[in-house]
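Dropping the structure in here first, questions after.
Chains here go by letter, A, B, C, D, E and F, matching the order in which they are written, and residues are numbered from 1 within each.
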Amino acid sequence: MLNNVIMLVFAMISVALLLNLWRLLRGPSLPDRILALDTMYINSIALIILYGLLMGSPLYFEAALLIAMLGFVSTVAVCKFLLRGDIIE
Amino acid sequence: MRFKPKFRWLPTPYRSVLLFLVWLLLNQSIEAVHVFFGLILAIIIPLLTLRFRDPQPLIERPLLALRYILRVFGDIVTANAQVAVLILGPKQRLNPAFVKVPLDLQHELPITILASTVSMTPGTVSAEIYPSVEQLPEGEPLPQRWLLIHVLNLKDEAQLIAEIKQRYEAPLKEIFQC
Amino acid sequence: MQNWIEWAVAFFLLLGGSFVLIGSIGLTRMPDFFMRLHGPTKATTLGMGGILLGSIFFFSLSGGVSVHELLITIFLLITAPISAHMLIKTALHHKLKAITKTKGLDNIAPAQSKQHGRKPLP
Amino acid sequence: MWHLITAPVLLPMFTALLIMLPPIHYSPNRRRWVSMISSAIQLMLVVLLLMQVQQQGQLHYAIGNWQAPFGIILVADTLSVVLVCLTSFLALGAICYGSAGEDEKGSFFHPLFQFQVMGINGAFLTGDLFNLFVFFEVLLIASYALLIHAGGKNKTKAAVHYVVLNLTGSAIFLISLAVLYGTTGTLNIVDMAQKVAQLPASDLMLVKSGALMLMIVFALKAAVLPLQFWLPATYASASAPVAALFAVMTKIGVYALLRVYTTIFGNEAGELSGIAADWLLPAGLATIALGAIGVMASQDFRKLVANLVLLSVGTLVSLVALQTQQAAAAALYYTVHSTLVTAALFLIADLIANQRGKAADRLVSGRKVVQPVLLGMMFMVGALSVAGLPPLSGFVGKVMLLQSVTDPSSRLWFWALVLVSSLVVIVGLSRAGSTLFWRISGTDTVAETAKPLQVFAVCWLLLASPLLVIFAGPLTELSMQAAAQLYDTKTSVQLILGQEVTP
Amino acid sequence: METLFACCVGFLSACGIFLMLRGRTFPVMLGLTMLSYAVNLFIFASGRLTLRGAAVLGTSEQYADPLPQALVLTAIVIGFAMTAFLVILAIRARADLGNDHVDGKLPDADAVKKESR
Amino acid sequence: MTLLWILLLPLLGSLVPVLTARWSRSACALATAIPPSVALMLLLYHSSTILDGGSIRFFLSWIPLLGLDITIILDGLAFMFGLLILGIGLLIILYARYYLSERDSMPRFYAYLMLFMTAMLGIVLSGNLLQLWLFWELTSISSFLLISFWWHKAEARRGARMALTVTGAGGLALLAAFLLIGQVVGSYDLQQVLASAELIQQHAWYPVILVLFLLGCFTKSAQFPFHFWLPNAMAAPTPVSAYLHSATMVKAGIFLLARFYPALSGTDLWFVLVSVTGLATLLLGAYLALFKHDLKGLLAYSTISHLGLITLLFGMGTDLAAVAGLFHIINHATFKASLFMAAGIIDHETGSRDMRKLNGLWQFMPITATLAMVAAAAMAGVPLLNGFLSKEMFFAETLHQHLLGSLSWVVPVLATVAAVFSVAYSMRFIHDVFFNGQPKGLTKTPHEPPRYMRVPVEVLVALCILVGLFPGYLIGDLLQAASAAVLPGDVPSYSLAIWHGFNLPLFMSALALVGGIVIYVNRKHLFDFQNTLPDVDALNSFERSVKRFAERCGRLYQWLDSGSLQRYMTLTLLSFVILAGLPLTDLVTLWGGREELPIDAVNATGAVMLLIAAFATVLWHRKRVVALLMISVVGLMVSIAFTRFSAPDLALTQLSVEVVTIILLMLALFFLPHKTPKQSESSRVVRDLSIASMVGVIIGSLSYALMTRPFNTISDYFIANAKIGGGGTNVVNVILVDFRGFDTMGEIAVLGIASLGIFKLLTRIPLFKPSSDGEGRPWALERHSLLLSTVSQSLLPLAIMVSIYIFFRGHNLPGGGFIAGLVTAVAIILQYIAQGVDWVKARMNVEYQRVVAVGLMIALLTGVASWLFNRPFLTSWFDYFDIPFLGKIELASAMAFDLGVYVTVVGSTLLILASLGKMTTAHRPVHKETI
């Protein structure tokens, strides 16, 4: 049963990722795209956690943690770029 | 309101506790080695990064803080259901709005917590805190500050403002005693 | 016991998955940027919480302890509002159009001109 | 004593780091002296290493005590150690020249210089293909940074091309390494040679593809037509000591070609033996032609010298393509000669440019140089040597390489190109020299005379040329011995892999 | 799966190469980044694809080939260093030469109308 | 050994004038003369052996591998030439002492002259082909220096370059010839070569060898059509002309003809090539000499003509002709050197060499005039002078040849014609200069030269007369010995008498004398005719053609190397397509037999996202920010792929690097345009697309082919030994820090160096700060967001905690120093982003380059530490310790190494990003900030 559930959730996340990609491509504005990218980062955390479940291995946890941290930093950086041009001032 | 730490070697006790827990969480173990190193790191890291922390009011009422956290968690869960409904429901029914909420809080940490809470709870996202006091000359009195929020589906502006102030801002003022 | 945990895992995973999906649907469906922002910021965060809880339960199935997923949840809870804040700031700065029926649009202007008597640094 | 083989890599690295740390980094003089003294020590150590190799034959050193083919090994045979000696000799000269003031025109001159030496030496000594890639990158990144030393539009412009092309080259390098690893399952050069010899038929073409890709990479580094475009601008715009050091950089490409296409795809590679020759020979010959054309076409002296480098590369690559022991020996001797003399010419060009006012090193009439006798003699020695005229080292090299070509069809082209290009070089250099020293316009103005360290550096490099002639007997023997060692893959396999090969 | 993987690698390389052939520094940097993704995947694939086999001892029965992974790690770091250098070099070139063309000068047709910024 | 000294003395002698430069001119000249005098004496010391027909040999091994050994052979031929070189050389030293003015650098002149003397002696004494070539080239070089002695004169520079070019080309041909000979014979030893005539002449390469050899000889000896350099070499000081261009260097080619006569002559090809060239040169030189108004020009063409004569003699192939050739070499050297010296005296004392100005000098300088007239008469072949004798022999030989078959009678006729012109120009030299009215427009009043300046001329003219009168007595033995050395067989009998009775040669001589006078008297018509011919100025046309050649090269080079990176890239990639692609076309199927893994929907989704994002990056690459976001997706998907295919370490690294790269690119974008202007023509786009797709197809195919093939790898060893040998369970990490730690050390060095380079790039950068973004929107006014700063402050300790965790687990689980370093760095960068440089700098004023150095040093010293245990560099060590209460703890040297990695990564990343970030702040690096 669990396997089927995991596959189902996989499908959900995949659809979510595709939706994010659609928004990313569609825009129309830059903030829209950044938002889409940020969401994509978070959704891929879900994806990786699910991989971990599927393989029964906790080895992928750090990747998820890192995406959470780094995705945040990169979103913030892009926003800062659009706001001020200069990220580090 | 208190800025000064009680112990010089433990300037931010709650942060240290948090770090200690994080270490145990990371290692998923309460073996002696990990506890030992966790303690050491929980003391050393705050000392190392102390300089990277602007003086902030310290938590005076930890229990209240815990209650606040639990309340916010609850709010997140319940309210997310509402948002889900809003998202999936017909778009025409939504009444988005920008609302400005006057702030009584003055310090950065409490304001940040408030703004974050607002963002995490249903239907609202913090947009701006203004005016910015970044370049405010020293000694000048702080002006009245506002929190601009975007609401996904506004029913009653006054009620929303009141709820935010009473449900979140007031406890924060208590916790930080400011 | 085993069975109960399995059910819990399934429940949390499905819950999480659904919220993640809903968040992304919101991102796709909503008519303007400000409204799109709500879905990912909240629903997705909660959804992540669900999935991570599911994961915690899952690994306890095999007898192990896996609680570090909590960290990710905490992390997301701290950062998601900030990301949202930065994004909406950017959107306001870019003067993105909100749909016409948005109320309080006049509240934006004062928030944008935030000089405080002094000239800003370059 | 058995760690001596690591010295050419570790000592420059250590020096670089030392120079960046207190208390050395405080004053320019300390940085200079540490750099110079360390280079001198390095030279002594590598000479010791050469003697060691002479006594004991090919040496190898398993880094981390992990034996080949599993760990990375350093291999010191005569070929590689001679080239390391060459690098150390050259580096000492170039550092002395730089220490006369050029080093303070930008930051980190000495550390970067030492890092580059580290990369070059590592590339010569490593016995592992991926490690070769790493050292290529070390020397490349250091060269990028050194190229822009002292700044200027031309440098920036040249650097963009140089960097982008080399990055492409690095990407190709990685792909070819992956192909070779994916088929042979190893990265050690000698081990790969063994594996290639026993390759299943279905993998042959894959390996060939990878091997030829590798040739692109090395040809790009060596600057062989049509991959040579980065060279003239890069060498001509780099500041003098840097350009001098760069003179050895192309030779690393040649060395890698020689190593890989003799050891791995050499005579014992079965189906794949000699796959590079068909491509390399025409490319090398065309490069000779291009270099000669470039020498005639050059509008300034440094460009001219850069084209001389190109010419020498063409010659060397043609020799490599011949895949004979004699050719390899000739290539080694010629490498030593051409590297030192072109390096010296870069320095001389700088001295001349400094004394000719606005005309600098452009081949137009200009101010009279302040030290005509000194610079004239230096120029003369360098020019004679590089043109392959007696009594300096060029002629020995030329005779040796002409003699080494015995295959009738390649001889015709090779001889024709080498001899005609020699003539063109004579014409080009005599034009350049007479313009630089003899076509005088404008009034004499006081310009800075060459500093003692600079003069020493140039003499140091130029001195090599007569020495290479006087001791040509033993040195050619040494080259021959190096070539023999290079071609003796069987002994290498035995020494490095021992009896047992399979893990 | 291998087919799909190979297609991705090939497509990424093609995209990277196309971008590297552009005339401005920024697309070249993008192309380089893309190409290094492709190269990294390529090296990685030279150890063959393995599901459920992270090369951590005791976690599975069959391990993915660890050596290409180590090589890719080295390649990633070196690629990062190189890209970083190129990026700053591009800035420097723009500052020194007044435009962001890889040749340091605008092609003739374009030289007439000034840079947009 | 004395032989070696004959060579070494002049070489050392080239130092003497430099050392004695401060002495008086006479003392300097005297000192310079000592070494060649001694050498001459040494040479004469051997005269008895040589004149008896013997030879002396000296051997010193030098470069046996090349067959180049120092071999000196003194035989008759070498002896004869040695006498000429040293003897005339000494006279030239004396002459030059007076010829050179105070302004000229006498030491420099003498040094060059001695160098030349050495080279020339080297040629004639060489017993080894390669050694001979060595000295051959040295003569070219030293003659270049001597011709360009007055370098401030354009014609001197040009003449020197021209001579160098022509003789240099010949030298290279000669080298080729020698190498071929060496390969045919199997030795470069002269005696062996000379003994292998048959071998050489029957070899298929003989024609090539001969042509190359003759190219060398003819260029040096100014034979038609390479004669043009010699007249232009007259820009040299006259002593040089007298020495090099009449007596010695130009004879080097002739010498070679004589030297290799036994080995190469005797074939039809030799006859045709040598004699026809000689004949043509003889005629052309004689004819043109008449029309030169420059005294030295006349002599130069006359020299060409006489060299042609000698060449013709050697070409005829009879033994007697060779003897005559040798004889004429001596004679020509004596009279031509004296004529040149006389011309130099005239030039010196009148300030002009133009025969149109020079007239009636007899009255001003009767002694010099007499000497010159005697020498000119010898040149004309007037009886009782040495020139007459050899010319007689020459005429006789022309009658005995069968060069042109039935037309062979043409040769003596043409020889006579040439002799006619020879008489005519000699007449002109005598009459036009010393008589023919009064000088016109001279700047000086002519007078006799200093006493000793005339001595050399007197000596040579005396020789002309004495040899003319007593040939057998004076020169017989020498000629005999030289002939014996040249001729393979026995020397034929010949008589060096003045009178052979009335015969055809005598008649030809008489005809020449009369004809010459007639022509000279009627020269007006001939001059008029000559004036109608186009004037060929060899010097200018040579300069022009060199210039045109250079320009052509320039254009060709420009065309090849257009300075366009796109073209370079295209070429590079095309090479890739060809070289990597061609072998693949030989592959029947890409599939290698390994079964594929099944595709699942999630992977397919990931792949689709990757492809779409990559495509979008390309599609929108001109909107740079958008492209940046798209490529982030690609990076993310690549990381996920790594996760999917069991490479967690890769995923972690890729992710961290990805984010840092994006931040970097964004920092960069601030200084770059935000949009790429549309520029590429569609043809270029199509071209690029096709290249890109070809490369893509090749890489994809290779990848597929690899993945579907089974293979054996050394990796099994790593898996087996990671724990027991490396002490870690994360095999990838153990490979990184242990098995292949050396790679990692190189890799962090690269990172460190890159950061230094970046720091360098940013110093003194001329900055401009855009005031608005790509759409012209001004930047937001608020610098730092309150929320962001507050949160980033609290994230820092958390991130550091995480990085410490990642660092420590790396050895056993995914993680390690590199990733930990990047996490730390990103956390600090977040502080920079959130609160700015000032804020961070106030709290942490670290010079990151120092951090980089420390990190690398830690890694390096960790590696070196294993030396203490007598283990190779980077040998790892680990052990487990039982600590009370805490339990078992593993300590490994790999951790120290990884710490180095960590510190380097933090330092480098921050150095890169913070340096760039600082560019827009008050803290931006200034020039002074070195190291």
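By definition in this document, a residue touches a chain if its C-beta (ideal position, glycine included) is under 8 Å from a C-beta of that chain, and two chains touch if they have at least 3 such contacts.
In UniProt terms, the chains line up like this: A = Multicomponent K+:H+ antiporter subunit F.
Note that this is a predicted model, so its numbers are computed, not measured.
The chains touching chain A as well as chain E are F. Of all chains present, the one whose mean CA position sits nearest the global mean of protein CA atoms is D. Across the two interfaces under comparison, B-C and D-E, the one joined by more C-beta contacts turns out to be B-C.
With every chain reduced to the mean of its CA atoms, the largest distance from chain C is reached by F. Centroids of chain C and chain F (each the mean of its C-alpha atoms) stand 70 Å apart.
Averaged Cα coordinates give chain A a centre that lies 48 Å from the centre of chain D.
Mean C-alpha positions place chain E and chain F at a centre distance of 40 Å. Chain B and chain D have CA centres that are 62 Å apart.
Each of the following residues of chain A touches two or more other chains: 17, 30, 34, 59, 65, 69, 76, 80, 82-83.
Contact with two or more other chains is made by residues 22, 26, 115-116, 126, 132 of chain B.
Counting only residues that touch two or more partner chains, chain D has 130, 134, 137, 141, 144-145, 148, 160-161, 164, 168, 175, 178-179, 181-182, 187.
Checking each pair of chains for touch leaves A-C, A-E, A-F, B-C, B-F, C-F, D-E, D-F, E-F. Residues 22, 25-26, 28-29, 76-77, 79-80, 83-84, 86-88, 91, 94-100, 115-123, 125-128, 130-133, 135-137, 143, 146, 148, 150, 152, 154, 157 of chain B are the ones that touch chain C when the two sit in their complex.
Those residues of chain E that touch chain F in the shared complex are 1-15, 17-27, 29-30, 33-34, 37-38, 40-42, 44-58, 63-67, 69-70, 72-74, 76-85, 87-92, 94-96, 100, 102-103, 107, 109-110, 115-117. By the touch rule above, chain A contacts chain F in their complex via residues 10-11, 14, 17-18, 21, 24-25, 27, 30, 33-34, 37, 40-41, 44, 47-48, 51, 59-60, 62-63, 65-67, 69-71, 73-74, 76-78, 80-89. By the touch criterion stated above, chain C contacts chain B in their complex at residues 18-19, 22-23, 25-26, 29-32, 34-35, 37-39, 41-43, 45-46, 65-68, 70-71, 77-78, 80-82, 84-85, 88-89, 92, 98-99, 101-105, 107-108, 110-112, 114-116, 118, 120-121. Contacts from chain F toward chain C in the complex involve residues 777, 780-783, 785, 787-788, 791, 794-795, 798.
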